[in-house]
């Protein structure tokens, strides 16, 4: 058995996991943690989080065969190797849910639809374009403006009667859209739902463009926003996409999990190469 | 809704309008049944549209830009564009192309009649790079026989012998043989001559109509109204007696309006007092065509000359199809289309229009899709202002992409522009 | 010079937005004239035959502050014409005695007209090329275009340009084509030695240096690089396509390699690799140049493909020859040729089971994170799954 | 007396200018546009009218035989006292609203904890209030939302540490109350009342005045009593369409900015206005009539809000950005001015080890670069040049602008009025005056 760590540095939070697996197969999940960055240095957060996890398992750094980073973790000093987000989310998603055709990774500033095969290989992908009012960041800004706590968004959004979509492509102009809605007396619920629907609209468009044909698993920071999940389901119907959008309580860890598993896989492969080298 | 029904309901339109609507619907109906009736379909573009030549081979004519704009006006284009983008076409490229590909996926035309795939693509590569890739894409998707007619660019503002020879040679050695093979009809140059004679008649009337805007008040809107007037000649009807008849009726209607000192007809009836006379550069937006037009006639603004009504031929500068040299005249026609002119030449046209039509200023509607038009328009605007001393306004919209028409922005610009013109006038007085 | 020193020199030429190299050449060649040309192809042989210096104008990169250039273009038009105009209005192109605008797309086409209006008195030539590939049709049109160019330039040079002059220049450029080909072949074999950015900078130097000097420089590099000992990385091999006009920032080329991809072929600055074989150096030079253009030139999105079944075959051939594992489509935002063509090329690659990925850039793109993300995922998917 | 009022309804702030029949500016008022334009317009107007009274006090100075410096001192106190009362009034409103919300379903399981925490927060807010309104005191901003907000965060965080209520809850109580509160208009009578109170207190604080109290009070009462007739009101700005005005009371912001700049600096040829979400370049003729204009739309890159996002991202006040950037020693080129991704760009750069002040300087230059090309598009810059809008108060932006103008257009007169944020409203007021003349 090999112990590997996966560290996923995102825009909003650092996710870290510890796994015990053989070459990435039948992995056993030892530890997990997620630290919101809140203007702190992600590098340090990652390091302290990592060490805390080890001590929780009474392990030392030497016990870890491979420390794999993903997300914005390319320059984490103590990493063994780095895998790119879509590679890791795909692998993590398969670990979490098995039979899926695609991953929809929704972060604070990006949305990515990734089509994968049953082993988690990335077949194709599509990202939201740079200037997008559909970003999670935008949703948070608006929520604060409306006096809504992040954990309320989903519930409120579900209560919407007649949601109105935000038209603007530029988030700043979209913000003004929202202010205008408030001034026209549109309810908070309808506004939030409207934003969820606009986001979902874009995301479903992504899902369609990669021609996903099987269950889609939502991962990333916003995967657990019930309001968005609900909106996604509606938009799938609206845009006539007949596949299930699933989500998983641990889906925010998908990137970190994938990194840990790939780390293990890589570790064994390299070990094998070494033996070859020594043999010859 | 059927035309008769609309007529019963007293929808505001002149006779010429009804005629044109009937011609267009008839053409779509004919395209729908072409294959059952053993007719072949040719697709070709508006600039460099060789309608007379295609008729010589009994081919039905389908014009992709027209299909796209018809879909735009019927608010169908948005979805088609998204379908095309989902199929992998970039959000950055021309929305005519995407609307067309989106439509072909469904195989249904703007009127709801089926639109069969064309049997031959006449790629007259005239004044627009995108045309070339557009038909490569259609060919790639639908395996249509394709014949390329490369029309050189008038970079120095003149048509040279070498250019003309090149185009004529392509017609003789490539285009005509291909059309003969596809249609099974032998080429008959006298038949071509006949159609060309017919074209010239209609062209005379069209020019008269467009120039009637020199009257005050102008009896026509040469942009929002103009796009209807150019319909038949720029599309599948040039060279047909129907087209000639249409322009005849149109001319009479306008002679009448002039006699009665009337302004243009708008979708809401006669326009009020003429307050601003404008020149426009660039195509209109189709998805919000009515709202866009309303922003003008509500303010008493009438367009007296536009470059867009010259994309299918700059007839008012003297060109006529000439049956004495049939192939050469087709070459000159292609080489002379507005978007094939050099930028300096385009500026000259705008300046001349401003003077001849006594316009208050220039409005440039810059189209995201159309770099052939749009690239350089901001310089054209400067040159225009410098040479005429008249103010210009600049707005950005798109042809058939509803996502790219921001009514609030456009209105704000146009409002400010009119208020500016007004202010300068009172100042001058 | 060591390979590193050679690349440092190229980098300096690349960073210099004032075309000092051109000014130096003019100082050394009193009365000598310089002709700027934009992507993707002009027959530099004729300019050379006129005793002039052909200078590639490839926009302003990511270090030029574009102020006036932006004022001439809407948000939905690519960057290269903006920065080129900026170079013009800030006087950086005053050392050019003429500008050539090849027919590549409507934006560059219209730029030729803008140049006529903005820089009166300068020689401006829109260089049209045939989209019909019959010698008797497109060929005779093209030869006529070449004649005009030759006559214009001899007038500008104040001396007749003879066939012998042109044949001689063709020979010189055959040399250069050969050196460039050797460089690309070398990189395809040892991409860890000749990195993507090295090769880019070397070719880029050829945009401002006299051709003879450039050929020499490449030869020196090929000799010197053998002595370098650069680490072999666990990268996959890709062909980069779509970069034939507006150039990617150097950071993007480096990011692609950082993310785990060796670039083993590309379409940067195609003018140097447009004609695929040597051009005959005897007989009628214009006829020879025309035949080379019609029958032995690279396929690109700016050209018409007469036969449907040939679409994308040139790219597929390149992938096979170079032993590449995939294609990265990197195109400038709002680039009509590259972006309209892409779906057809991708379809062709799909049929040939060649994996590909695609993204857009601008010559002044700042954020490389998304680029690394995509190139990296592509590299991962090839590396982790290759058994 | 007759007054003429211009109201500039901007995307982030709403400004009002009150003018007398001789086109003298009597008063200026500003407020954040919030989510209710009518309220914003009303509040801005009231602020301007209150401000007008203070100026009327100044004008009437001559009428009383008291040393001018003492009088100026008096008026300053007067104004500060007024502001303090206004603040306390709204603070109390906020407190009640917060407590109301704290009692709601959502915080049920917190029991009284939150209420107690809030009580402590507001007590401390109240105690700290007077210190913000003494002569020479610096305030983060003049909007209740900002002043109270900033204070609330700071104190709230401390309270959260001591009590066992999460900061998020305290913060949320504020977030859900502030909109209600800031949408309640104080009203003319209430303002008059506060003014009266402020006058009395001003006497109390200034012993030098006792002797001539009578004459001063007479003057004060006269000014307070003077009726300001709203003769003609003109609305302009981004939100003008939403104002409850008839068409002839509405002017395009382009014309208003052009005219306003002309009124401030009659030799102005070129005007640049960088507002919250748009940038305008305007050319005017010697009569202040617009001859050409360009503005950005569909993308707010490089506008005022951009700096707002950056300030949030760096957790500093908007007004602190300039000073920090001024410390820059190295040039950093930044090409993207997309507001939303500004944060990402900032993190990227910091990760690359670049210095905060250098990045900020780069960001400021990037904004001005965009403005420069919009200017260039409108026909370039001609002497004299006038820079207006909120960003004109940012020294780093001004520095970058001056450099770039020098590099591209040489030496020319650059006008920046500290009150330039009122340019549109000033133009509006001038149109209002002209409307009545005509």
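Going by the order they are written in, the chains are A, B, C and D; count residues from 1 in each one.
Heads up, the rule we're going with is that contacts are C-beta pairs under 8 Å (C-beta built on N, C-alpha and C of every residue); 3 or more make two chains touch, one makes a residue touch a chain.
None of the values given here were measured: they were computed from a predicted structure.
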Both-way neighbours, i.e. chains that touch subunit C and touch subunit A
B, D
Top-ranked pair of chains - ranking by C-beta pairs in contact
B-C
So what's the Cα centroid distance for subunit A and subunit D, whole Å?
40
CA centroid of subunit B to CA centroid of subunit D, Å
50
What is the distance, in whole Å, between the centres of subunit A and subunit B, each centre taken as the mean of its C-alpha atoms?
48
Got the subunit A residues that touch at least 2 other chains?
72, 130, 169
Touching at least 2 other chains, the residues of subunit D are 298-299, 341, 344, 377
Residue numbers in subunit B touching two or more further chains are 88, 378, 396
Specify the contact topology among the chains shown, as one of line, ring, star, complete or other.
complete
Residues of subunit D that touch subunit C when the two form their complex
298-299, 333-336, 341, 344-345, 348, 369-370, 372-377, 404, 408
What does subunit D use to touch subunit A in their complex?
11, 33-37, 106, 168-169, 172, 175-179, 238, 242, 277, 298-301, 303, 305, 315, 338-341, 343-344, 347, 351
Residues on subunit D engaged by subunit B in the complex (per definition of touch):
251-255, 285, 287, 289-295, 297-298, 377, 379
For the complex, give me every residue of subunit A touching subunit C.
72, 74, 82-87, 110, 121-122, 125, 127, 130, 262, 265-266
Listed in rising order, subunit B residues that touch subunit C in their complex are 87-90, 92-94, 97, 123, 125, 128-130, 132-134, 136-137, 139-140, 143, 146, 148, 150, 152-153, 155-156, 162-163, 165-166, 169-170, 173-174, 342-344, 346-347, 366, 368, 371-372, 374-379, 383, 396
